[in-house]
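By written order: A, B, C and D. Residues from 1 in each chain.
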């Protein structure tokens, strides 16, 4: 027996492509399944609804993908999103200038939270879980102080800003466009820029990255800033859509974001992952919960199914990866 | 000789192991006799490690059987191998850094009383036993992370002995040992054999094979090419069996392309506890060797020059200009490159592909120029003769020698003036080594200056124009390659010669 | 006696607007009387709440107001305070009668009243409709408020022939309410009305209906948050059962002042939760 | 050998400095802290999370993490009370412990056999168990009916609440196990270098599996005692438990990288959080500011301990 007879080169390539896209395959399988079970599932309106609702968490997931590829967790995105949303609403309605200022302040706030995360975590990634949980609490507290624990809402929002949350381009809700644009920019950043390459290197092997002249501290700070920034974008989107929020909105939602990112095949240890994968992860999460609601299953059953689907998807990725090794 | 008379202890029969796209072992027969030292030789990727991993129970064969003293055994896990008296000391030392010497030796088998509590006194006695057998004295309660590599290796051997292993398998035990320690290890191995323990010894160093082994098995491309009695063969024959080609031309020094133009001047740099008063000048096109023992400070000096670590005093000049700002980035900009000593840990991002690794240090613009990157990668990939399916292959899938070529390629992509190579040939086979020597000479020919750190002095003599010896963080000798022999280098490196008893040779004499 | 009266308040979560308003009133009233107040928040964790009551007991406060996350789970804490001779005023969540001996006063907005009143509004809305299918955007699974409201909603719905085709939890969360409502109108495009379990979610429901051009589906709210009242006034929500944490807090403080003055007080009083429509919306404080 | 006597441990741990600082603050800023009744109170307050943290220490030393403890506490509380109502208290307790052990087995098997990372496995299990807890309880909370059970956690033995005694016993026993037994030492090996341990013949999978089983067992015990304290089975209790427990373990100097840490350290970590919360409550620092302070404490601890993690990149 010689090497070539074992190689099966043609099917090898197909296996490779399948192997690298397990989340998408799972997504297709689930979707087909749901489409058969629930007639309302594959309607244009339902799909746009799912997409629009996924836009918020999805946009953050794009940002968190950066932090995770750099080998660090960012569990502070939940309340960062919340604070951005509350800032956006509280600084309304008034004129265009103020509305714009609100947006800018929210975005800067998001990036600053990222900066702080990055500086605290620094080169010692191991503790990023606990650091960013701490920051999550601090920001929640700040948000509550700022909103005095009260609902925030606004009657009339500056129109262009309102469009960000409620508008449609043709038949496509604008948040979907933002989400997809964020994904496209994210993918470009990852694959077409020096920073993207340095990000993978930093997550994959920080020591080698440093010895190649990469300032890994800086790379991580930027990754965190991107993550915080997208959280703020999501907050603004949601504020523009609902114009009305709870003071503790967002707190705890990092778990959903993390779930998407992990479903999408981003490695917990850094250095691996893609926006494309994260996109699949986001869609899986939202399509599954949409289908659950459509199914009319009890809430308990929904939770159990969600937990199972999460584990099955990840188990599938793991075993495919193993097989291919 | 004893080879033929001793009874067979282990017989591996028609062992095959497949990885996707690779046949690591192709129906290999491997026979070990009791009480012999059996060397296993072969190029990188020949299947040596795979074969012994199967013997150690950490990898399962796809086909074939293993007989221990005539009885078939099946090894599901390392535990089974240990239970059968087979111990493996793998290439990367497998110790638990935070735990003590004693606990590492007795891992999983700490003596305990009926209630399950460890009997530390008994543990001490049991752990001291194999160390005594090795003629070593170590602080049993010191954490392993405080030990030197050689000491850690001794702990590994003690671990095997304490389990009364009948067969001890060592995978490249000397690849990170200093020469002095190598001799010590070799005598330990002999001593073990004389105590009736069977040894399988994997190495890329032919000298060692002939120094200690009783028989040799050569693997090539996953096949057993030959098993020979050591006394009935010679180095050239083995090289030929390993590579499939004659070994004649492999070890000749090419022409020197050294010039008079100083490129890098290091003036009296010192750092506490690492090196002191280091001064030397590197000329354009020169290949300079650093000969020293493990821990003599060579790595630290290279890292200081490359801007990774600071130094306390002294200065560094490049092209006659003193460097004020020390950072890796700045040094890369000024044309310095460092291929670090540990490829996997420091040199490569294993989860990225070949092309990205090669271009990692060169990306000058914020937006990547994919076309240029591809061109650079392909050029270096071809000129270095990397063996891989394509430049998109993950570096984790490459063999050691090919990985080293990628590390060097990464630095060549920066078009450096000075290349610092820290142990560039550690753990790579003769063929790949020879490739790297040729490459270094070619670079020098193109006007690039090179510093090579190596613990293998013949290698330095083979490739360098000039050699500095280091002892205890200080330079204590300087030689032209044709004015020195290995014994002298060893003498200087080990510090058994007084400081600078040889007149430093001025540059003009080289010409 | 020279030492000022200290009121300790173990709130379920200061991050909930209902409690934020309540806290504000307690603080203001205490300040007015020259009393001290210690406000603690359990942040929705039952064990934390128990611990905080224990700490208030250690602090030897004069009165403890407790807003239980779960009335049943708060009994041990209430008993401990009782043992320490600290009068306890229970607010927010009602207490079973068998435990009344342990508390000085119960001043609650009865979730059962809320549920019944809103359900009756729903019955009114669908009185003449031939088909009476509704869905409920529910609160947080496992919370007593949800259970209690359902207790009274169910019989009203049954009596009036209203069929609850589905109810989905949206965790009191406006954003989740949007998603749930969207999914539900996809599933039941011919729904006759929507019931919102809480004012904090009602705006989300209305918004979805507006976005999908289904404004004619009537929405009934519950709770009377400021934003919900606004929608009632605009006619986008038919009506709601009004509750005011501020009024509840004033009642609780009244009780404490009366106790301090040595008066005897009624054990349990509930705050009214009147049915509120566009016409009488101004009567509801909408203070949360 | 690590003759890690408690005293030596006191000398070289940063977490102790933090604890000391907090105790001084507590003494200066509150009149009530250093009273017998308050100290008893604190012991009771930290006991249930503390017991869970002991289990989590094993998991983290073995190189993993368990995010499912909070949901499991809720499940245990529901099972304990419902079975107590239907049958009797012992059945409730036994089945709860069995449920805990099963969850631990499931976590451990998914991690060791299927090869899903601990973080992901336990994140999925967290949702799954919460669903089961809601299903079992029909989304209601249920009151206990056994007055003896209701007294169990608080019951003073030599003035110390029973739950605190159990906590101390768990700390002492678990510490002795880790420091002094052969298997305990194995946990440091497995966490410190799993591959080396496996090659040395340790059944690393079994070690890891048992860590999760033990953690879930501790969670069941902690959950039962918490249930006794509130005498209620509720599917939504213990929202904070997961975060508190992981924070306490890391505060105590156990490394997320595995292979480093002690149960005594965890004990200190649990004390730090408990004392801080108690002190803030006594000082009347409430609501929003407490949230901010707790968050800052976590960040500061990480900053203070950064050098410790240096060697683990």
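As a working rule, a contact is a pair of C-beta atoms (placed from the backbone, for glycine too) under 8 Å apart; a residue touches a chain by one contact, two chains touch by 3 or more.
Owing to the predicted nature of the structure, the values given are computational and were not obtained by experimental measurement.
Asker: Tell me, please, which chain's centre (mean of its C-alpha atoms) is farthest from the centre of subunit D?
Answerer: Farthest chain from subunit D, going by C-alpha centroids: B.
Asker: At what distance in angstrom does the C-alpha mean of subunit D lie from that of subunit C?
Answerer: 33
Asker: Could you grab the centroid distance between subunit B and subunit C? Build each centroid from C-alpha atoms only and quote it in angstrom.
Answerer: 71
Asker: Let me have the rounded angstrom distance from the C-alpha centre of subunit B over to the C-alpha centre of subunit D, please.
Answerer: So the centroids are 45 Å from each other.
Asker: If you look at subunit C, which of its residues touch at least two other chains?
Answerer: 14-15, 23, 141
Asker: Where in subunit D do residues touch at least two different other chains?
Answerer: Residue numbers touching two or more other chains: 134, 139, 287-288, 290-291.
Asker: Hey, what residues on subunit A touch two or more of the other chains?
Answerer: 140, 144, 149, 207, 299-300
Asker: Chain pairs that touch, all of them, please.
Answerer: So, checking each combination of chains, I get A-B, A-C, A-D, B-D, C-D as the touching pairs.
Asker: If you look only at subunit C, which of its residues touch subunit D in the complex?
Answerer: Within the complex, subunit C contacts subunit D at residues 11, 14-15, 23, 36, 38-41, 43-48, 50-52, 54-60, 70, 72-76, 140-144, 146-147.
Asker: Applying the document's contact rule, which stretches of subunit B touch subunit A when the two form their complex?
Answerer: Touching subunit A from subunit B are residues 18-23, 26, 306, 308, 327-329, 331-332, 338, 340, 345-352, 356, 359-361, 363-368, 370, 410.
Asker: Under the definition above, what is the set of subunit D residues touching subunit A in their complex?
Answerer: Contacts found on subunit D: 110, 114-117, 119-121, 123-132, 134-135, 139, 243, 246-247, 250, 255-257, 287-292, 294-299, 301-303, 305-306, 309-310, 312-313.
Asker: Spell out the part of subunit D that touches subunit C in their complex, as residue ranges.
Answerer: Those residues of subunit D that touch subunit C are 32, 35, 37-38, 41, 44-45, 48-49, 134, 137, 139-143, 150, 226, 229-232, 234-241, 277-278, 281-282, 284, 286-288, 290-291.
Asker: Which stretch or stretches of subunit D touch subunit B in the complex?
Answerer: That would be residues 1-2, 176, 180-183, 185-186, 188-189, 192-193, 195-203, 259-260 of subunit D.
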